[in-house]
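To start, the structure under review is shown below, and the notes come after it.
To keep things simple, chains are lettered A, B, C, D, E, F and G as they appear, and every chain counts its residues starting from 1.
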């Protein structure tokens, strides 16, 4: 059974510098990654709140978190993890509060 | 007639540790599973509320629940079950309260 | 003209046990069915409200209802029925109250 | 020019019996019809309000209405009619009140 | 450059009779038309408000309006016109009031 | 690098006459245009507010504006411009006020 | 690992002149770009707020910003950056505030 991570969605807090381009480029450089999407959720005077969507065949979550920390950021929460042979999308049901 | 489970959506409550990556990886390791999506619904000081979407050709629901329990979590509700030769999506109608 | 039932959407009330997996598996075992989707709409202390989406080439509605009753449930309403050579989707118009 | 009716959406009021399955099966039995979708909009103590989406190459609207009446129902309104060589969908514009 | 009309969306007011089927059939009979969709927007005691979506390779708008008038209706507004070699859909932008 | 205009969305104010059909036909007649969609946003006693979506391989914006003026209208705003080898759609992000 | 920028979404403030067409054309002229979408978000008396969606195989963000500045505008925020072998779309989760 394939337990590799195919998608990781992270909520990240980081200072204004370095900018989102540096973050995206640094993460895209990791092995096992097809692509990374860095989207700005909120900005205040000190901090930017980003959501990272990372996809690939074998994502190394610990290495990604290390890169985020190296750039001065912190992983605030792991919002979604997808493992296996194919990327399964979340199915919404009436129970989702 | 094929009565195998092709999709299972579970509402799970678990402590902060182990994290969602450990949960997703552990479940992806089960036989009969193509992939698993673990999405964070809510977090409070003690507990995380996750929604798991598990898809495959022959999901063993009892074994999945056992894995969740082994990781310190509980299955709060079975939100969706799909059985048969193909994955039938829920059709919404005006009657859905 | 093909009058076979291709899709049936049922609103079902059932006690907590047996669970939704038992219901889905039992219905998937009927002839003429490609697959069944059982989604939890609401739960209170005694009863679960499920919506069943059943699809196939020749669904036997009476047999399905019998199975629901055998499991302690009741069909609260028939929310959608699709008959014919192909599955026609409901077209919404401004008149739908 | 092909003036045949390819889709008919009818708002129908009918007593509880016969049920929606009987209505769907009876209409599917008409010539020129590929399929029929009967969806429950509302139910009160006496009457059910259904929306019927009927598709085919040459729908006989009068014959359909007759069948509805034979089953104790009435066509409350013709909500959509599509004629021609292909099924043209309604295009919504800001003017739709 | 192809200036032919490929789609016309008209807001039409008409008396209850003749019904929408007669309107759809009459318009579908025009040359240069692939299909027509007549959807009921509103009904009051005297008048029905319909939205007509007419598609083809070379729609004759004046002839269509004449047919509507012949059936006792009036074109209340031209809600959308599409001309050219292919059917261009409206792109919504934040400026649309 | 291809800097040609592939799509232009214009907010146009014009008197009631000439009607939207004349506007659409006149613009469709320009070189470099595949098609034009003219949709009515609002109407008041003197003026109509239209949104024009124009697509092609090499749209001449100045010539289009001239045609609008010739028909008694004014380009109120340029709501979207797309240039290049392929038509890039706008990506919405949480930052869009 | 491919760290090239495949998409850049920028929030830009600029004076009314030069117009959005000049901005789109100037950016489309950069190497490594397939296309650019410039959409008007808001206009007030002095300033226009645009959202730029730029896609290609190897976008030079610094050069783009320089062009925006040359045209009298400023990049107000980097709203999305996508790097890698393929364009990964942002996955929304319940955690997005």
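The rule we apply is simple: contacts are C-beta pairs under 8 Å (C-beta built on N, C-alpha and C of every residue); 3 or more make two chains touch, one makes a residue touch a chain.
These numbers come from a predicted model, not from an experiment.
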According to the touch definition, list the chains common to the neighbour sets of chain E and chain F. D, G
Superimpose the Cα trace of chain A on the Cα trace of chain G, which carries the same sequence, then give the rotation angle to the nearest 5°. 50
Roughly how far is chain E from chain G, going centre to centre by Cα mean, in whole Å? 39
Computed distance of Cα centres, chain G from chain C, in Å: 48
Between chain C and chain D, centroid-to-centroid distance (C-alpha), Å: 22
Find every residue in chain C that makes contact with two or more other chains and list them. 39-42, 77, 79-80, 90, 93-96
Among line, ring, star, complete and other, which one matches the pattern of chain touches? other
Along chain E, where are the residues that touch chain C in the complex? 39-42
Which stretch or stretches of chain G touch chain F in the complex? 7, 9, 11, 19-21, 23-31, 33-43, 49, 51, 53-55, 77, 79-80, 90, 96
Residues of chain D that touch chain E when the two form their complex: 1-3, 5-6, 8, 61, 77-91, 93-97
Taking the touch rule as given, give the residues of chain B at its contact with chain D in the complex, in rising order. 93-95
